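Common to both upcoming complexes is chain A, partnered first by chain B, then by chain C.
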Partner chain A sequence: MLLHDELRKFVTDSFMFGELYDGFSDGDSFLEQGIIDSTAVLELIAFLEERYAIKLQDRDLIPDNLDSVNGLARFVESRLQSH
Partner chain B sequence: MCGIAGIFNLDGAPIDQESLWRMIGMLAHRGPDSAGVHVEDSVGLAHSRLSIIDLARGQQPMCNEDSSLWITFNGEIFNYVELRDELVQKGHRFATRSDTEVILHLYEEKGEDCVRYLNGQWAFAIWDNRHRRLFLSRDRLGVRPLFFTQTNKAFIFGSEIKAIFALPDVPREIDVNGLDEVFTYWCTIPPTTLFRNISELPPGHSMTVDAGGVTFRQYWDCQFESTPAVVEPGQEQAYADELLELLINATQIRLRSDVPVGAHLSGGLDSTVIATLAKRFTSTPLRTFSVTFDDAELDESSFQREVVHFLGTDHQELHCSKNQIGEVFPDVIWHTEKPVLRTAPAPMYLLSRLVRNSGYKVVVTGEGADEVLGGYDIFKETKIRRFWESQPDSALRPLLLRRLYPYLRNLQNLPDAYRKAFFHINVDSNLQPFFSHIPRWELTSKLKMFFSGATRAAITGDDGYSNIRSRLPTSYLSWDSFCQAQYLETKYLLPGYILSSQGDRMAMAHSVEGRFPFLDHRVVEFASRLSSRLKMKVLNEKYLLKRSAAGLVPPSVAKRHKQPYRAPEACSFLQPAARDYVEALLSPEQIARDGIFDARLVVKLLEKFCKGAAIGVKDNLALVGIISTQLLMHQFINHFESRASSLVAA
Partner chain C sequence: MQVESFLELASASSPKKTALVCEGFRFMYEELESKANRLAGSLIAGGVERGDRVVTYLENSMEAVVSVLAILKAGAVFVPVNPTTKADKLSYILNDCRSTGLITDRTRLGTLLNDRAGTPHLHGVWVADGIPHQKLATAKHLFDLTAELDDDNLPAVPPAKKCIDIDLAALIYTSGSTGRPKGVMLTHLNIVSAATSITNYLENRPDDIILNVLPLSFDYGLYQMLMAFKIGGTLILERSFAYPYRIIELLNHEHVTGFPIVPTISALLLQLDLAAHQFPALRYITSTAATFPTDHIRRLRLLLPNVKIFSMYGLTECKRVSYLPPDQIDIRPGSVGRGMPNEEVYIVDDTGRKASYGTVGELVVRGSNVMKGYWDLPEETDRMLKPGPLAGEKVLHTGDLFRMDQEGYLYFVGRKDDIIKTRGQKVSPREVEEVLHAMPGVLEAAVIGVPDEVLGEAIKAMVRLRADVRLTAAQVIHWCSQRLENFMVPSFVEFEGEFPKTSTGKINKRKLARAGVTPSGIPMSSE
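Our next item is the complex of A and B:
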């Protein structure tokens, strides 16, 4: 499965329980869409660390990295490439 | 403590006694000691009795000297001794020593205003034959329940909804607006209930029913001060002493009973204070009861044992496992009669069974202190958020939230936009009256994503929290955020969840009566006049109570931070005792048949739990809420007759 697809599936399964909002796109902000809350952030971090064997540092926890499917994909790709 | 029920045929038709017996049969758990009915033309009253005061002569329904008044009463009037003396001086003659008879004579003397003189916890109905009217009332804080419905022909009431449903003519349907309220506020907002056309008399209200119709009257409300008196540090002890005096008397009169009174012990400050005061007035060793858990995060047994050692009580523990919670949850929901989002009522159900099996019918507890004297985290969170809001760009102010939520280890590094969004720092001006509760209500409302399209379409709307907004007292906006938060907790969650789903219903499921000194209206009124700073000094919760209790309770208990009472959550439903019914109730076919939730989403949620991937608060609330709603559908809509007929036959 492509990285984008995998991340989208995780977000939709875990936080939206498979229900895609009409018009939801990979660039949409999780925060603005009300998809993510304080415990969901922890779930998201745990998934990224376990699935991609990467360790997130405090400096990584910024909206650019975590707030959309595109942002997540960019972040994961860059971390995997730097390994 | 008892169960009450009744029918008033508005068309004048005679009462069918069999219907009354069927209704009161549904409430046998509330009053297993005896049952009675009184029928008078078109009015019938029924009662199931838990004998506590005047064991020999307190049977109900009870009448006055000339039988012009008849009462069916659930509860206790704790100042009945003083009221009785006053009434005797005025010439009233009593046939019993019961508090029930005091209400009748007080009604003769004061009419509908009689409730203003009562100190206690009650739900009662008086048939006033002279005026051909039924007068019903419920206590100030909503300790005891009272539900009613009206058909074309009759007004019908009962302590629990299942008594009303015992009449086959009463339709049983889910009210999606009640469901919408539970999935917002954690409770229904009276008069709404989970069932269509079934109403709840709000706390602090009375009502009359006669040929002219139904009239409601609010006789009490929790009121705070717009500009509370400034208390200098040197005056604090005087306030602490006054609070202690009130609590001593509130506890003392709550020990009035012809059967022994025990106490709950959580290991926290509130129950320890009450157990300490109760011990002063108990000649035999005080019997105490507590719940313990495997999970160290939830378990308070070390504090409980310290208090037991300190007070020298005769103590019993109920060790509660996840499997037990899963096992008893269907019965818990049979008694709550509304969905719950936490499993916390289940251990209380098991605890009351232990109390009853130990030969006790009455317990005093520390319930109400957190609402009245400022103990809950939501009050602390409100203070921090207000402090943060005044300088929204501060990097340090939000870090105070880590005191409440230790798991937010990365709070300081979370993006500012995340922090502000999660804690609702930029609350719209029209939502400012609910500043304290917006984070909870917004989070809970997200659970409605599991509602089916049909459910969403049928909800007629609670835009901008209008159900609560329309009921706010006129002075509400002049109170500070802390008092507003206290009002919302005391007015809605306390009666709608804490005292009902977690309180009366769990205790009465095993015929046990709870008594709550912190909810003596004199204590509540005293506390509501206090400055918020005296209740929570900076972030030190229940500051005044701690001063009052200094020297009374073990220092470690007085100093410890408030630990919210919590039980193992949704993991309880993955245990062997729950697996079968959870699979059946949450099967896509059953979810689709019942129509309340979206089967596709519920399947995904359950999968997430089964994979061990559900760690968030929201997922836990969702699963408990969905299972409890499905249990209500199963027990009250789809299969009510089978359970009802077995109860009535018994």
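Our next item is the complex of A and C:
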């Protein structure tokens, strides 16, 4: 599965109960769409660390990296490349 | 004095000072004042009259800030509603308080479009971010909020004041043990009194910069905005604490001096390497809304030795009750302190008499911060507001059990009812159970709070299904998430064969709580 598809699937399965609503796009902010909160971010971090064997540092916990499917894909790609 | 004067006075004395930083924009006091005046003019032109209720249904934003002040300037009563509220409950609140106006945004307007119940009292809807093309279910006047805020045809000066300080300023809905939310009636005097006492003990100054990540629909968040303007300070407004490093950066970048949190936030903060950061400007952290674990206090004190930590306690019905002076936090970290300035607190026993030191009893609050009652609920009001020492006076019986030590410091013992405290917010088990009972296939449901390191208490739903029905935990959570505010959605679902019952046939929740093995870890993983 492509990285974007896998991340989108995790977000929709975990935070949107498997349902994409009309008009959801990979660039949409999870916070603005109300689909993520503090505890959901903890889940997201756990998923990224386990699935991609990367370790997130405190400074990684910013919206640019984590608040959209595109942001997540960009972040994961950059971390995988730097390995 | 009236609440909107906080902004008016600050704008008159420091018009060019930064009042608000939000979503990358900075607003000076004079800008907020003129936007609020224009929106007040628009509300009045749209039919809002003195004493009318106007609901704000917005994420933390400049528009949310301006709306509260504009509603007050128009002589009306603001009713802040959590932006994750779903259609049925929004309709309930709009109808319960007979709101004539609603201020929302384009995204949230969809909730009203889904409204099947109808809102006959509502005639004006102000929409931020543009008006969509779809039609509302019932005919309402729609106003483009974003355009109105800067419309030169609307007056940039405040409308003539019509209210006095014993008029209502706000109705804040809170979870009731009956399952239906209750509107707490707060006058201008109530809010000004509470804001004065709190800014007094926090020793707030005009150079304070307060970072607020709490929703403005939650009174703890709302007061950060009101108090920042009262002292002529600066408010940094964020939508959430979800991305903690962003908040760490903001604390330093904006030279934040005051940071209000709930224990859920301290739990998340303490997962970061705080020792790697210094916060030279940070003067104080406040915590309220749920028991502040002494372990959090101890660790924060070690990591931030120069930051004053205020452990506090309160309830919407009087805003704040007590605060522990920071010089006491290492001596009695388990206490929530003493009554705040200009307020009297005492503990009564079962007979209603003042209890002696060390005795557990109900906490009673006396002061001009105490609410006028619950909107349209005289019986529930009488249960909370009872005759006080002076003729005709009412004092607040909090429903919370406390004991007081010899020096007058308060210690929280428990609640008299079964309200759950999660993420610092009150949740009525009944409200969640009603949603579960309405789910096809569910025979019985019971909802309890279980201890959780991050949330304080997590919501656990126990459900008995019809024999021929199979449901997963995810389906049950999904059903709830469509009908309840996010913080009310259960984290855990367990399916029960049979519930323990009391002699009167009710579900025995104490037994359930004792028997239940508390799952911990990632919510939603329990099937």
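The criterion applied here is as follows: the second predicted complex is superposed on the first by the 83 of 83 C-alpha atoms of A that agree within 3 Å, B and C clash if a C-alpha of one lies under 4 Å from a C-alpha of the other, contacts with A are read in each partner's own complex, and residues count from 1 in each chain.
As a working rule, contacts are C-beta pairs under 8 Å (C-beta built on N, C-alpha and C of every residue); 3 or more make two chains touch, one makes a residue touch a chain.
Everything numeric in this text was worked out from a predicted model, so none of it was measured.
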Partner chain(s) touched by A:L80 [first = chain B, second = chain C, both, neither]: neither
Which superposed partner A:I62 touches (first chain B, second chain C, both, neither): both
Chain B versus chain C as contact partner of A:S14, first or second or both or neither: both
Partner chain(s) touched by A:D37 [first = chain B, second = chain C, both, neither]: both
Interface residues of chain A shared between complexes with chain B and chain C: 14, 17-18, 31, 34, 37-43, 46, 58-59, 61-63
Contact footprint of chain A on chain C as seen in their complex: 59, 83-84, 107, 239-246, 248-249, 264-265, 268, 272-273, 276, 423, 454-455, 474, 477-478, 481, 486, 491, 522-524
Complex contacts: residues of chain A adjacent to chain C: 14, 17-18, 31-34, 36-43, 46, 58-63, 66-67
Residues of chain A defined as touching chain B within the complex: 13-14, 16-19, 31, 34, 37-43, 46, 58-59, 61-63
For the chain B and chain A complex, residues of the former touching the latter: 405, 407-408, 410, 413-415, 417-418, 421-422, 443, 446, 449-450, 598, 600-601, 604-605, 608, 613, 615-618
